[in-house]
Amino acid sequence: MSEPLIEVKNLKKYFPIRGGVLQRTIGYVKAVDGVSFTINKGETLSLVGESGCGKSTVGRTIIRLYDKTDGDVLFKGIPIHSLKKSELRKLRPKMQMVFQDPFSSLNPRLRIGDAVGEALLDHGLVSKNELRDRVIEALEMCGLASYHIDRYPHEFSGGQRQRIGIARALILDPEFIVLDEPVSSLDVSIQAQIINLLMDLQQQKGLTYLFISHDLSVVEHISTRVAVMYLGNIVEMASRDELFDHPLHPYTQALLSAVPIPDPDLKRERIILEGDIPSPANPPKGCKFHTRCPFAKDICKEQVPEFRDVGGGHYVACHLV
Amino acid sequence: MARNIVEFRNLKTYFYTEEGVVKAVNDVSFSIREGETVCVVGESGCGKSVTALSLMRLIQSPPGKIVGGEIIFDGRDILKLSDAEMRRIRGNEIGMIFQEPMTSLNPVLTIGDQLMEPLMLHKHMTKKEAWNKAIELIKQVGIPRAEQIMTSYPHELSGGMRQRIMIAMAISCDPKLLIADEPTTALDVTIQAQILDLLRRLKEEKKMALMLITHDLGIVAEMADYVVVMYAGKVIEEAPVRELFKNPKHPYTRGLLKAKPVIGRRQERLYTIPGQVPNPIDLGDFCYFSDRCEYTMDVCRKKMPPFVADENGHKVACWLYEGEWKK
Amino acid sequence: MERPTPTLDYRRKNKKRGGTSLWQDAFRRFIKNKYAILGLVILTFMILFAFIGPYFSPHQDVPDVTKANQPPSKEHWLGTDNLGRDVLLRLMLAGRISLTVGIAATLILLLIGVSLGAISGYYGGWVDVIIMRIADIIYAMPGLPILIVMGAIMSDLKIPPAHRIYYVMFILGIISWVGVARLVRSQILSLKEQEFMLATEVLGLRDSKKIIKHLFPNVLPTVIVAGTLGVASSIISESALSFLGLGVVPPTPSWGYMLSAANNMIDFAKRPWLWIPPGVAIMLTVLAINFVGDALRDAFDPRQKI
Amino acid sequence: MTQFIIRRLLQSIPTLIGASIIIFLIFALAPGDYVTRQFENPKMTPERMEQLRALYGLDKPLPERYLRWAGNMLRGEMGDSLMFKKPVISVINDFIWNSFLLGVAIMFFEWLIASIIGIYSAVRQYSVFDTIATLIIFMLYSLPSFFLGLVLLKFFAVDLRWFPVGGMITTGSNYTGWAYIMDVAKHMVLPVATLTLISVGGLSRYFRANMLEVIKQDYIRTARAKGLKERTVIFKHALRNALLPLITLFTLEIPSLFAGAMITERIYNWPGIGKVVLQAIYVRDYPLFLGYTMLITVLTILANILADVLYGIADPRVRLK
């Protein structure tokens, strides 16, 4: 087993809800409600779940775009959330992020060369005359051409912009990259290009990824390990093969069976979940999934299931397993 | 064989933009039979939505305009109808649901108000009758507490519920055809499963044809009887669903099937189609896929391939099959 | 990768190597706008008229009572005033004042409005609360009466006529920055939500870079539009104040002050050449600026075409 | 809702205090006061001036004067107008309704014309009507109100003699009943026309922009897809949404009904509050001006709260807490 690069310990992120005459905090949206996991060097851990499950908030809190509410995040043993602003800034290049929306993730008024190169310059990692070469190198590594350096974001398609976003992160020579739904707004044919690019780069550079996605088929392709989130908690976590071949949590099973498969002859037993995802401001008591779980028992309504190892690094939080 | 409910014949819908003419739908022909589910599949900008909106005559003009062709619906050419006649078809004989359930319902009108509108208009129901029918519809699309929903506003409902309401509204007048334009793209996968299930059930119950527009081949495999593949404003391949998945012919279709990761089918690398969809402005007269195709020949860059059917009725527009046509 | 990805240009028409910035795009849209061009032509004319025009006038701006109150003639195209001065020349000279005050007042209001709005939006917290409270206070007070009272106080303070113009600029700037501040603040708040601003944090950019390279250029279009339209309303406010005799006063006339000739019943009824030309001049200038401002808004934001 | 109103009222207290301090200071710091202005002549001795100042309470230190003034204001006592020699309240009451009459007429015509032009321009965007309306509107809102007022006065009253040159009733007449109403109406035509023409431009642009924005929305497409008549689509589905932001605008215009139009009232010699206040400024009648300014400030603050409340009632998406 290789060494952990990221350790997340009981991380919580609550967003206050304000109300009343004086706009006091009257409640919290528990976007992330106590998650723990580690990411080992060189692997891809995927966080998968539906909208509102808190997967993006986890990603943003890990690299301290948001301040945590509770818990700890260690990057190579350094507690990220205890760093001073200047120390954090120095560490920034090591932890990067690729964003979901290729249209809003690039400043429309900045040339590509500046967008990709500015951080390198700002951190003093390169001299001004070397900069251009480094930018071109990064662009080419991401499948773009050197003459793109003088262009503006609106002159590129979604897939190309996503490549620019990747180049911008890559040029800083990071060890860890949070990929926040990097392909979900792209068409299938472009999606495949970007996934391959990400996997190639990981191999060449020994990168460690946290891959956030709602698309299970992409997750299955790209991950080493997978964690399934529901309403702010991880309900199941295991190696990719284990999770997809032997899903234990009813939610994971339902998710997997809900994905349409491009084979008209395949007839599957489908678990169709009833109802909607409850609001994270007012989650159900006990197991948060019990309101939609086809197998829910009385205990599920009262007791929060423990997140435990059921063997071989397969973790699950369910009373019925 | 059931008769055609819709037949697109050489439909051309262009958009006149500042940069030039976008031939969003460029000589498209296909048909949908009664009670059949036809999936129109393709990537963004391929013209699949514009085809559907042309059928409803809801293309915004300017910049859009239907410049040629015919759309025969139930024996009449839609494009020749008066506005009043067209309105009697919309929402009555053809229902339509859209991609964004969050913005497709009017935020300041109650669900009940919006549901009752087409019933009172097309079926000449009284308010009371329409109210009862609307409640029945809400139950039919699987939403509990129908009375309460009637007086709710759209923002009080979740995305999945709103899409159910949209469906209820679209089927309220028992249309012969339901158009669903990416109905589940904005929804979570467990909700998507609910909606697809609902659409399938309603289609059977109401015996209506379904024109389902999607980019997801998984949904196509699950829902379609017949598939139409579009690329850059053209239909490049069409076939019955089993035939298409078993024996995809066009390199683009094949590429799409290979490029999408599939659950339970692990592979080392994904197949990729290189490059990207061409800029739709001022395209020439050649195969639009030629610059991304791994089998490109000289002829592909010079002439537009004709759309030809083989003996199984599997149609494809590709020069690779030139040899087969001569037989 | 199996094969190198062919790098297709998204816009094939764009053959040149250097990219086209949004500024260039906006410029292209701007010069295509007929109203914008008309506005620019009128505006250029007014500026030349006011600043160069007087050098071509055969008259001197000195009283000559022998020629008082003459109607328009070949010699005096717009007639003469009650002191026998050429109205056309006065109109040009007044234009200098009106245009200068309009522009300077706008610069002051932009300076205050943009900096307060930016600070408020960027830092948030209690700074934001305080600035927005002050904005609320100023917004709640009736603008024109306060403006007029300040004009009156200027008279009480016995400010020399030559200096009044600076005070007028300043007063106009101070009472009209609220709109711009709110606009800039809301723009910055929405920019902060954009992923590229999150990216600047992830990249660890310095605050100064975030502001100068990322926020500022994206707020600038809004500021330019607000500034242009601000000049128009400053000109109108100044003319109202001067019309009441509480703004810029003789010997330096402004268009508004010239219009106050209409306060005299005889001049008003019998000598329209004294007060109609400055009114038309104000209207033309403001119209031209509004055309340009509106075209700029369209050019910067083609989606919001109105 | 009640909670929201209470909160907003509480929030407006500091605003009101701040505004009152600023308004008070503006006058207090001005050198010329009522006494110097009104009684300064060679015969007046400095002693007598001081006596007068003491009489009017102008000799006390500033904070004391402010507190006394503010305390009086809170009790609704605005003091006596120096110019009219009677309570400010009754002066305001004497003239404000004349302004209100003018204001209501203007508001009626402004909204009527603007809505017709705005909606029609939006529905027929780029038509000949739209182009011409746009041009005229631009010209109207580029006009200073006093210039338009003067031109209309010169042309229609002085030259053509269609309408009276000023005032509210014909001098020396003592019409009653219908004749009185007609007389007032005749006097109202020009001032109402002036202010309506000036303000109709901006509002109709706003109407048009709102309509255009709403017509682009998905739910309008949905309405059309239901086969609704274009009339229903525009007036039921589009207009209701387009009107929402206009509710705010409308409510915020309410204080101006009471504020009077200083310059226009002066030009047409309309006996409204605006004209009187302008006069008060010229003679430095501070109590009257202070009373008036505070009244309008309070009305503006209340209108702001009312605007939010009405918006909350009209838009089901907004929940007032």
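To keep things simple, chains are lettered A, B, C and D as they appear, and every chain counts its residues starting from 1.
Criterion: a residue touches a chain if its C-beta (ideal position, glycine included) is under 8 Å from a C-beta of that chain, and two chains touch if they have at least 3 such contacts.
Computed from a prediction, not measured in an experiment: that's the story for all the values here.
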Intersection of contact partners for chain A and chain D: B, C
Give the chain pair, either C-D or B-D, that is connected by more C-beta contacts. C-D
Geometric centre distance via CA averages, chain C-chain B, whole Å: 51
Taking the mean of the C-alpha atoms as each chain's centre, how many Å separate chain C from chain D? 24
Taking each chain's centre as its mean C-alpha position, how far apart are chain A and chain C in Å? 48
Multi-chain touching residues of chain D, meaning two or more other chains, are none
For chain B, write out the residues touching at least two other chains, lowest number first. 272, 274, 276
What are the residues of chain C that contact at least two other chains? 1, 5, 9-11
Touching residues of chain C toward chain D in the complex: what are they? 35, 133-134, 136-142, 144-146, 148-150, 152-153, 155-158, 232, 236, 239-240, 243-244, 256, 259, 262, 268-269, 272, 275-276, 279, 282-283, 286-287, 290-291, 294, 304-306
Chain A contact footprint on chain B (complex, rising order): 43-44, 158, 160-161, 188-194, 196-197, 215-222, 224, 241-242, 245, 255-257, 259-264, 266-267, 269-274, 276-277
So in the complex, the part of chain B that touches chain D is made up of which residues? 56, 58, 62, 83, 87-92, 95-96, 98, 100, 103-109, 117-118, 121-122, 153, 155, 166, 169-170
Write out the stretch or stretches of chain A touching chain B in their complex. 50-51, 157, 159-160, 187-193, 195-196, 199, 214, 216-218, 220-221, 244, 254-266, 270, 272-273, 276-277
Quick check on the complex: what are the chain A residues that touch chain C? 60, 63, 65, 88-93, 95-97, 99-101, 104-112, 114, 118-119, 122-123, 143-145, 147-148, 150-152, 154-157, 160, 165, 168-169, 172, 193, 196-197, 200
